[in-house]
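Both of the next two complexes hold subunit A, though its partner changes from subunit B to subunit C.
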Partner chain A sequence: MGDGLSKTKNRILKMLVDHQNEYLSGQKICDCLGCSRTAVWKHIKDLQKEGFKIDSVQKKGYRMTAPSHHLSEANILSSLKTKKLGHNLKFHETLPSTQKEAHHLAEDGAADGTLVVADEQSTGRGRLGREWHSPMGTGIWMSLIIRPDIALHQTPQLTLLTSVAVVKAIHDITGVECGIKWPNDILYNGKKIVGILTELQAEASHVKAIIIGIGMNVNADAADFPDELKKRAASIKSLTGREHDRPAIIQAILKHFELLYNTYLEEGFEIIKLLWESYALSLGKEIYARTVKGDTIKGLAKGIDDEGVLLLETRDGTVHHIYSADIEII
Partner chain B sequence: MGDGLSKTKNRILKMLVDHQNEYLSGQKICDCLGCSRTAVWKHIKDLQKEGFKIDSVQKKGYRMTAPSHHLSEANILSSLKTKKLGHNLKFHETLPSTQKEAHHLAEDGAADGTLVVADEQSTGRGRLGREWHSPMGTGIWMSLIIRPDIALHQTPQLTLLTSVAVVKAIHDITGVECGIKWPNDILYNGKKIVGILTELQAEASHVKAIIIGIGMNVNADAADFPDELKKRAASIKSLTGREHDRPAIIQAILKHFELLYNTYLEEGFEIIKLLWESYALSLGKEIYARTVKGDTIKGLAKGIDDEGVLLLETRDGTVHHIYSADIEII
Partner chain C sequence: MLKVQEIRELIKLIDDSTIDEFEYEVDGAKIAMKKGGTHTEIIQTPIQQPIQPALQPVQTAAPAVAPQPVSQEQSSGPEQKEATTDDSNLHKIESPMVGTFYSSPSPDADVFVKAGAKVDKDSVVCIVEAMKLFNEIEADVKGEIVEILAENGQLVEYGQPLFLVKAE
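Let's turn to the complex of A and B:
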């Protein structure tokens, strides 16, 4: 986005998407957008090059024949249903890490709601600095910058909020019903479909920016996962047997996130907590929690508290507050 | 630092500083450091160019005549008395902001104890994004990266710890006794000498890096302050009437910080809190606290709690917990 030209291109794309499978005359597009027919024709050519399937028939006009699963700036922006989130979009074919790029942008003052998306990450990363496999063209690798006025200790609540938005978005677009494993994974049948990495930049007692990274395995073939991931991870395609529309999933995540986030800012965490609990896989189950310091605690996952901290009851009745851990459901 | 050559230069400088006002023969330096006399001669020339006052007398050798107040990498490293802090030094003649540079370095994995120092900042900044005046050659503009294993809400404790280290360092090197105004200013006679900006990078519940920025007005002339700062800020030179040794102050800050920080990591915040209270200007006084949200509360500053939060008692006996505010002593 940014310059006038690409704005027009995005508006043309939006018109075509909104009238999918109908013909729109070049003249009608010109009249709506106030540009020349030559300009329309040039933008359509560009969109075709970007991978959009657009028919052009004389005297009828232009028609989008199939939704494109290709990821591009125009594609993500064309049907965005949010008021704010994602409109300042930084799309890259490839990046070392969307999270790192978002940190640098946030440090340089990027606006609330800025979204970084890449079609490939060369050094994607997950929680605790772990590597995140993010090959070209198969997933959603994105980082959202938000600037809420909350206290530092509330940050983990946003990981939970994001989990809910992502589970709902996957269900909307693909029909798959995933569950959430505290603190930051979205699973199907025990295999990881999505990882969420919530990071923050803050002054001593004042959040400056929260950067929420989302990595989702969408259209990778099961056979293409590295051996060490095959047992632990899966793509949505490997569950449904078909490819899914990544721009539509991104749009759905942003839509759900914005609704939940506005509710959170106005009403607090309570309703988010209820929603989160309805998708949580571990609650009420025996689990192992391995903390960052290397201790392993076995107990019953009782729930989360109002700050998103996991409550784990050991056999002697003690309730442990777990701020950060890897958990395994027994 | 970094390459062998500049390491030798730093060791020559350290020998000269350790034997200040004595002559050291070129041969003796060669013998100690295992390099040629020509190499020694070249390094001495370099040091003279960097502003060190080094006499060279035939048959006697080299002598450092006066401590240099000039800021350089060699100068800061030559008498560093810490085990860890500051040894990974990134010195720049000029930077937009040491804090911003440190954030980028931390994001890219810079080691615990990395120090960024600049002789000038073009866009230095203070708390809440406020501008910080940092002209060439007159102050200490530095940012320290540390990676403690603490919870997010403990971060403000490190602002207080830093304040104590800085007050002690100023006293050691210049004789001036400053006081601390919660949360992050060091004052003399009501005028700001030092500002501290503590920021963090974190995963949702796990500190990755704390970046402590210190801006100190050392050798600026009172007349050189911009008009809007003249009433609120002062330099140490404006108090003592003489110039002070900036590298020595940096070394003293790091030495005190390291001692306090190790105590903090081993024993917790309690002893740091006692030290802080002994320098605090506002405790027991009537103050106005203006919060980030724009509210102003008037009350008695009772103290700080174990997490560094200011306790303010209003006339009706309510004790308010103030996490972040500008305070004014009435």
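Let's turn to the complex of A and C:
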């Protein structure tokens, strides 16, 4: 990636976004960024190709009319509201898997807060090697690398934290209020909108990196889902009937995540737990918990404990501590 | 007393609002929430409640704080294999967290390692997962797997030995 060039482009985009619906003269942009008018013109052409609606009028300059929902490096960086997360952005039009890419980057020492985003994944995967459908231009497929200084046994709490950040972001940008099914599936009307896969790189008991993969169905049409997914998954567009701004959703996820994450690092899990519970779908309800071995326990979802473990009370009054299971709400 | 669900609703409302400080008192219980800058603080102080008000909505669940025998696990039960072999000079790979033990990367894939397999320090020997956080466990020592002490899908404890390795 030609970093220098693309950085100028990002800065031009930021100026246009900051002055939306006003004209900025080519000269003014040159003066601010210290580049030539030809360079500005070239970058504007690029941005237009990426789908940004930028007018250019002689003697007045350039004006951005509508933000683009198109996903690009410039578009994600232009209105990033975080201090750290996402500034080191690795954007790809297509990747086999953002999670795999992030793993490699993390092993090579990528900085805390590095974000990998792809517009398409050719072999996107969920947990336990399950395939994750991630076609071009319709969703958010991203993996975030963080390097928290926390004890290894606490790391699962971050999966719950992530789900809270994502639910808040979706609500902010699209108005849709999803719920969370333990531990971190994001659902609307029983259909999965977002899946989160978190993986750890550790050395003995020391956390080296945590890689949080987020896959979100945003602008796919219901008809685009493979048949086997139609009953279980939905996109946000299929709920609202309109397309949504993917860069804005990514920015909102990062903003909420950073806020919650800093709170978590300073104050612990308690507040995150309360927020998580406020979005939880299964609490106080009868559920089935299917374990990896294939056993199914039926009981009342009492809540989560201070670690994030699901507390399931069976009829005989026993409270089971569930660390991993597929949950089905009865 | 407020129901837990009501408290959750309140937290959500306050969290989404521009209100920084909030206090609410009802039936001798007090809730105070305070947002400071970027962090939110939520404190619930149950003011000492003299005597339960006569009329109280009947709790559907059992007495909330009654001590309950907490089962550590689902149903799989302890599957402690007595490692009768003299393992005193064998290296133990222990679980760094509580979670589910996976012997292979996906249900239909081959296992990471079998007994007798040679491993390097950075060979992945299993996955331990909790709350959908997947931790690939590395051997941490070069040698040969002597015994596998956990089985696929089993819940393992913090510090529980998972493998015995004869170090080279």
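The rule is short, and it goes like this: the second predicted complex is superposed on the first by the 328 of 330 C-alpha atoms of A that agree within 3 Å, B and C clash if a C-alpha of one lies under 4 Å from a C-alpha of the other, contacts with A are read in each partner's own complex, and residues count from 1 in each chain.
Criterion: contacts are C-beta pairs under 8 Å (C-beta built on N, C-alpha and C of every residue); 3 or more make two chains touch, one makes a residue touch a chain.
Only a predicted model underlies this, so the values are computations on that prediction, with no experimental measurement involved.
Participant: Since both structures carry subunit A, what do subunit B and subunit C do when superposed there: clash or fit?
Facilitator: Superposition result for subunit B and subunit C: clash.
Participant: Quick one: classify A:Glu120 as touching subunit B (first), subunit C (second), both or neither.
Facilitator: In the superposition, A:Glu120 touches no partner, neither subunit B nor subunit C.
Participant: Output check: A:Glu328 vs subunit B and subunit C. Expected answer is one of first, second, both, neither. What do you get?
Facilitator: neither
Participant: Classify the contacts of A:His104 with the two partner chains as first (subunit B alone), second (subunit C alone), both, or neither.
Facilitator: So A:His104 only meets subunit B here.
Participant: Based on the superposed arrangement, let me know which partner A:Leu158 touches: subunit B (first), subunit C (second), both, or neither?
Facilitator: Touch status of A:Leu158: both partners.
Participant: Mind working out whether A:Asp112 is in touch with subunit B, subunit C, both or neither, as first, second, both or neither?
Facilitator: neither
Participant: With both complexes overlaid on chain A, does A:Gly317 touch subunit B (first), subunit C (second), both or neither?
Facilitator: Touch partner of A:Gly317: subunit C, not subunit B.
Participant: After lining up the shared chain so the two structures overlap, which partner does A:Asp295 touch, if you call subunit B first and subunit C second: first, second, both or neither?
Facilitator: It touches subunit C, and subunit B stays clear.
Participant: Which partner, subunit B or subunit C, touches the larger number of subunit A residues?
Facilitator: After superposition, C is the partner touching more of subunit A.
Participant: Thinking only about the overlay and not a real complex, which stretch of subunit B clashes with subunit C: 20-28, 38-46, 146-154 or 290-298?
Facilitator: 146-154
Participant: For subunit A, which residues belong to both interfaces, subunit B and subunit C?
Facilitator: 127-128, 152-153, 155-156, 158-159, 183-184, 197-205, 292-293, 323-324
Participant: Show me the residue ranges of subunit C that touch subunit A in the complex, using the header's touch definition.
Facilitator: Listed in rising order, the residues of subunit C that touch subunit A are 4-5, 7-9, 11-12, 15, 38-42, 61-62, 68-76, 96-100, 102, 105-107, 109, 129-136, 138, 140, 152-155, 158.
Participant: Applying the document's contact rule, which stretches of subunit A touch subunit C when the two form their complex?
Facilitator: By the definition above, subunit A touches subunit C via 127-130, 152-153, 155-160, 183-184, 196-205, 210, 259, 262-263, 266-267, 270-271, 274-275, 277-279, 283-284, 289, 291-295, 297, 300, 302-303, 308-309, 313, 317-325.
Participant: Using the touch rule from the top, collect the residues of subunit B that touch subunit A in their complex.
Facilitator: Its residues touching subunit A are 100, 103-104, 107, 127-128, 149, 151-153, 155-156, 158-159, 183-184, 197-206, 208, 292-293, 323-324.
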